[in-house]
Structures are given as structure tokens and as C-alpha cells.
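Going by the order they are written in, the chains are A, B and C; count residues from 1 in each one.
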Amino acid sequence: MRVIQVENLAKVFRTKQKPEGLKGSWQAVIRPKYKEVAAVSDLSFSVETGEMLAFIGPNGAGKSTTIKMLTGILHPSAGSATVLGMVPWRQRYQLAFHIGSVFGQKSQLWYHLPPSDTINLLGRIYEMDPTELRNRRAMLVEVFELQELMETPVRKLSLGQRMRCEIAASLLHKPSLLLLDEPTIGLDVVARQKIRDLIRWMNREEKITVFLTSHDTGDIESICKRAVVINHGNIILDDSVSTLRRDYIKQKIVDLKLANRLEHFACPGAQILKQGDYGVKLLVNTESDSIGAVLEYLVGHYPVLDVTISNPPLDQVIAQIYTAKSA
Amino acid sequence: MRTDLTSVAGRSAIGRLWPWVVKYPEVARTNLQNQLVYVFDFVWRSIFLLIIVYIFTQLWRTTFSSMGMTSLNGYTLSQILWYFMFAETIVLSHPALSDTIDAEVKQGSVAYALTKPYNYVVYNYCVFTSEAAIRWCVNLLIGCGIVYAVTGEVACSPQGLPLILISVLLSMSLQFCLLMAIGLTAFWLEDTKAVFFIYQKLLFILGGMLLPLEVYPPAFQRLASFLPLRFVVYGPARLFVGFDYHTWLAFTAAQLGWIFVLGGLVALLYRLGVKKLNVNGG
Amino acid sequence: MLTVAKNLGLMTSYFRANLGMAMEYRVSFITQVLGMALNNSLWALFWWLFFQNFPSIGGWQYADLLVLYAVVTIGFGTAMSLMGNCNRISRIIAEGHLDYYLALPENVLIHVLVSRMDIYSVGDIVFGIAVYIISGSVSWFNTLLLLAASLLTAAIFVLFAVAAHSLTFYLGNAETLASQLFNALITFAMYPTSIFRGLARVLLFTVLPAGLIGLVPTELIRGHHLQLLAFLAAAVLAMGIIAVSLFYRGLRRYESGNLISIRL
């Protein structure tokens, strides 16, 4: 069954324009002027059961707007969508029983209480059978490694620990669809990896469909098999992640810190982006040159203190996709 | 994988109501636990109660003795003191709901609550009343202690106590409706704090917190009679110091009536607010 | 003389800066002033309603209460609009901002106090003057006494806050305790002091000097007992010595690094 089916979905926001000053406020009341912003235009896609989909795009691209429409919070201006066979904005309450959501900044855990209390409360809210709740809770605690955290007040948990609890809580009622809006934002590398592993595990074991929005390419590459790239409210790419990687993430950025002052720097296979006294930023085209070879050269020829290898920022990748598509 | 997607829609009426009996009380219970974390906070608020009740006992005592009075508009000194204490305990038990709702509307937390299968207003009602209940109990204990210590008398009628508890519960529900309505205007107003501020002052005077309504000049009494505020404070406090069944019945009917009207207002504001959310986002 | 001039100059500069800031946020300023006016009016109304039923309480009439009110509000308004930081000393210490003041060539206590001025408290002053006019006790002499009493009251507010918050140097973050004490001071000061007897009365003239704020100035204006003015001035002086020494003693402890527990 199609978990999500979206057709020609669009959302236009009308915001009131308020000119400066007292006279402006008066005008805004009598003869209001509106500005129309198309956050989402003509979106169409579908998601099958068990898929792990990344919904990516820069800030303001329309990701949050789309998720809000899929959960029924926002009513679209045009188009249609069904989630698990229900129309979100008409059957919001019923749909709520079958979806789990984690919005990165917002927490559903009661701040001053340990997570276990929120879990019990959620069990009631989702009308779960007590035995079912007990078993489910035990399973999630084991899988997410929450044994020591369950009885600690949430305010005392680190962000990474809190996110693990949040995601576990969002899975309590065995939803068919898990919506994650920027779940790894603000997390350190270790915590991020942990969360990604857990999401993958849940998808494998329970066939939960995962719909993830992020602007971290690492999230996408680790968790998702399919990526939908959105920009200015339109889908500009809908393909597998491996295709995305192959076709568009063809560069790596190497940040180098050196022990000695730099006199003269050169490195075959790498393009210098920025050069300072003790550091260099390089761009390596992974299609033509191997990162391994470049690193070997650098370590062999320069007193390397620290190396950071990162993907080009997503905005850049998107821009590349956009230009490639328009061409 | 769940295949029972139709189970929610296909339930019988009782099947749909039963979770309400279970779900929302659990919300209340969880909030109670949340409150107990704030013991220190309680202590400070209790000290304020102590101070204000003490001051007013001194004020009234001095007044009565310097005027050589034994009663004022039907209240003996003892009754006035117990009245005041009871009124204060009620007002001091109210959590700052309108501020919380204002913040949640402005930060978009209301939108988030829409993704869960519960009603935002009912949820907040449980949170509000559970917190108010425990704060009120603590306040009452302290308040009774100090008034008894100062007056040596008990001016309340024990036979009406269970019914008075109902009055207090209804008064809290009424206050909930009023504060919720103020908080929900955050969907349209920049500053609900100002509205709440004005409301609170009105409650102090026209709700009968500072002085029992019988003590006011007739014009004020007439004004107070049109407002629901008198049933938030004056009603229960008056019954506390002078219970009679018929008055209780009349007050309770009025409370229920106002709750019905204001509850309707809250429901309307909520629907309009959610509609606005549906169109404009959080 | 030089230090006095210097401190006055400091105050003026801060006043101008705070005034500018208040004018920037005009709406907020107006809202706060109106809010305070409403709050104050409420109390005046309460007492009016109260006195509808009795002509006097323990010798006090409505007019006397209005004078009391005028003194308290003018004094409080003056204190907050000139030395608005007096209630934030605990927080300043706890958050380590004191180091900023210590590094500057100004008198630490004065600098801390005047660096924040709640300009909207001017609303309180205006209200107090209005209430004084309504009370019907206006005369040249009374006005002079009112001025003197209000200034001394302002001093009492500030000094009490300084003493209370200086406890942070000795007890760890005493912000809640100090602000509760301060609120208690204001609360007790707003009621005719004659209603309190025995131990309470003693406390209200010593530890929690609400009596000095309430009773003394009002009696002064009512009965023209000028010795009360001298008494008040002496009391303020005594408070000043206690508060300032508490602060500076504590400051020495702070500087000597004995207070690592406070720095969060």
C-alpha cells in the first residue's frame, strides 16, 4: 500500500504587509495589502511501505511546510494528499494514532520529569493496552539503550540522550510512518551516528516508513535510500541516494592544519580554496582524483597537524543540481 | 505492522468514550508529579500567603476594635478573616495559564500538539486543574493554620464541606475557561499579558478577593453581579464561612451556566485559532 | 568633593542612556507605565471601598492613607528610576558580572546601582504626586516634608535591597530570598502601620523597616513632628552604614576568591 501519495500539492501563504509608522498601521487595518508567498508549488510524489525517504533542501525550500501538510496541521491551497489512506487535514485525529513525529526543536517529553513518566502518559494517550505498552517499552529501552536514562529528569539529559528518548517515545505506539524533521540538529558526531543506526534498525525490523527532512547530507547518506530534493517549493530531484551521490556529490573539502608556517603550498589533484599561514582549504574532485592519494601526498610532504574531510555544503550540492537540471 | 487502520473508525460509542476516562486523568496525574518537583517554589509562595493573611488579620482586627463593631454587613470578624484567607488560597492556586498558552501559540507548540491524538484544550484543562488542586490544598492548610492561630476560632461550617469542594472545583474550571480564552487570543493579539493583567485586577476587586462583595457600595455590587468573576472567588469563599444549601444550589447553577457559556467561547476561539494555523502555519 | 561630582556625573550619563533606550522601545515603555498606573489605582480604589464602611482605622483616615501611598510610590519610583539595579545585585554577583565593575575606575557599589535605571518607574512618581494632590493635604510645608520623606524612603528601599542581596556574598545565591524580603518590605509598607502590635511592630521598625517607610513619613506630614524627620534621617544613616559595610565586606571575600561556589 502506498503510505504517502501526494498530487499537485501547493501551499500559498498570504501575509499582511504593514508599512512603517502609525499611518502605516492605520492603512494596514483599513486597506490591507497582502503579499503572497508560494512555499510549496505543485508537489507530486509517492512513498511505499518500508521506504526510507530523505526530503532535503535549503532553508525556506518548503520542507517543513510539506511535513505540516502531511500531518494535517496545515491545509493546502491546492492539490491532494493521502497518508495511510487518510486525508491528513480531514482525518487528523485518526491519523495521529498511526504516525510518529519528531520535530527537532520541539520536545514531547515533560521537561522536569524522567522520560519514563512521559512514556506512561503517551501509552494512555495512544490508548495502548497495558501489556502491549509494557512490552513495547521494554523493547525500546533495550534497543535504544535507555536503561540509565529512563529515570533521569529530562532537563538533566544531554541533547543526544534526549533525542534518543524522543525518537523512542515517538515509536511507542508502533506507528506505520515516522516523520523526522531535522532530528540530528545540534548533535555531536557520535550521537548523530547512534540515532542514524537506530532509525535504520527500526526500519529493518518493523518496516516503519521513514520520512526525514534534513539539510545534513550525512543524515541522508546514512539513513535513506531515496532522496527528494526540494527548492523554492518545487521538487528538483527525486532519485535514489546512490544516484545523487554518484551524480552530484563528486567533491570533498579537505581542511588542513599544519604544524609549521606555510611558505609554499602545492598539491596535485587538489584545488586550493583558501590559504592561510597555518592552514589550507582544498577542494578535491573525487571523480578524477582519489582522496586517498591526495591525503597520502599531503601527509608525505607537509607537517600535518589536523585534517578534516567534509562534504561540500548541501546548498552547494543543491545549486549544482539546480543548474544541472536547468541546463 | 499494524493492519488495523480501520479499528479506530469502527469502534462503538463506549469504546470511543472509555479512553477519555483513562487518557485525560493520566495527564492530570503526570502533571501532579511534575509539580512536586517544585517544592521550593511552593515554600516561597506559601510565605507570601502567610504575610498577606497576617496583614489582613491585623487590619480587620484593628478596624473592628477601633470602631467597636461586632459585625459588618453580616460578617463577624472571624468570618471576614476566614473569608479572606479562603479567597486568597483560591487565587494563589491559579497557575499562569494565559502566559503558557500565549507562549505555546507564539512558538508553534500548538501545531505540534495537533499531531497527537488528544484535544489541546482538554489536555490543558487537566494540567491546569491538577496543578491548581495541589496548590490550593497546600495553601489551605497553611491559611487555616495561621487564621486559627490568630483568631482562635473556626468560622467555617463543616457540614457543607464536601459541597464546597465541588464549588471550588467549579470555580477552578471557570477560571480555566477565562484564562484559556485570554491565552487563545494570542492567535490574534500581540500582547495577552496586558489583557491578563487587567483581568486579574478586576478579579481582585469585582471577584470579591480583597473584600466580600456585601461590603461594597450598591453600584459596585450591581456591576459585580453581571460578571462571572464573583463565582471564581466570592462564591466558594462565601459558602465557606456561611454555608446554606439553597445558596449553594444557586451558586452552583450559576457556575455551571457560566462554564457552559465560557467553555463555548473557548471552544470557538480554539477552532478559529486552529483554522488560522491551518491556513497560515505555526 | 571630586568623588561626589564624579558619581553624579556617572548617574547623569546613565540616566541619559537609559532614557534613550526607553524612548526606543516606546510602546513597551508606555505599556509598563500604564500597567503600573492601573496597579496603583487598584490599591487606591480598594482603600476607598474599604473606607466607605468606616471613617477611620486606628486613627488613620483615607486621606492619611493617600499620603502614605504618595510617599511609598514616590520613594519607590525614585529608587527604581535612579538605582534600578538594586534588586539585581544577587544576579550580577552570581553571573560573574561583578568582575566587569571591579575592573573599572568607579565606585563599585554606586556603579552597580546606577547602571540600570527603570525609567518607567517615573510613572510611579507621577502617580504618587497625583495621589498626594488628591489627598487634600497639600501645602508648601507639606510638600517640602513629602520631598524629604520620599527621598529618605527611596534611600531605605535601595539600602535594604543592597543589604539583602549582599547576603549572596555570604550565603550563596540569595536572589530569591532577597527579593522575597524586598517584596515583604513593600507589602508591609502599604498598610497603615498602626494595625501592627507587639513583636511585629518592633520588627517593622528594625529588621524590615516598613514602619520607617510608612508610619514615620505620614506622621511627619500629618502632625508636623519635625523630630520624626531627624529620626528618619538617623535611621537612614544607620541603614546606610550597615548596608554599605555588608556589601564591601562581602566584596572583599569575593575578591579574595573564597566564593568559587557562587560562580556557576
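The definition used in the following text is that a contact is a pair of C-beta atoms (placed from the backbone, for glycine too) under 8 Å apart; a residue touches a chain by one contact, two chains touch by 3 or more.
Model, not experiment: these values are computed from the prediction.
With steps allowed only between chains in touch, the distance from chain B over to chain C comes to 1. The innermost chain, defined by the distance from its C-alpha mean to the mean of all protein C-alpha atoms, is B. Centroids of chain B and chain C (each the mean of its C-alpha atoms) stand 33 Å apart.
Rounded to a whole number, the gap between the C-alpha centres of chain A and chain C is 53 angstrom.
A separation of 42 Å divides the Cα centre of chain A from that of chain B.
Against chain B, in their complex, chain A makes its touches with residues 13-14, 49, 65, 68, 71-75, 84-85, 89, 92-94, 96-99, 101, 103, 106, 108, 110, 112-113, 117-118, 120-121, 124-127, 153, 174, 176, 206-207. Within the complex formed with chain C, the chain B residues making contact are 44, 47-48, 51-52, 54-55, 58-59, 61-63, 66-67, 72-73, 191, 194, 197-198, 201, 204-205, 210-211, 215-217, 220. Here chain C touches chain B in the complex through residues 31, 35, 38-39, 42, 45-46, 49-50, 52-54, 56-59, 176, 180, 183-184, 187-188, 191-192, 194-197, 200, going by the rule given at the top. Of all residues in chain B, only 1-2, 5, 8-9, 19, 22-23, 26-27, 30, 33-34, 37-38, 108-109, 111-112, 114-118, 277-282 touch chain A in the complex they form.
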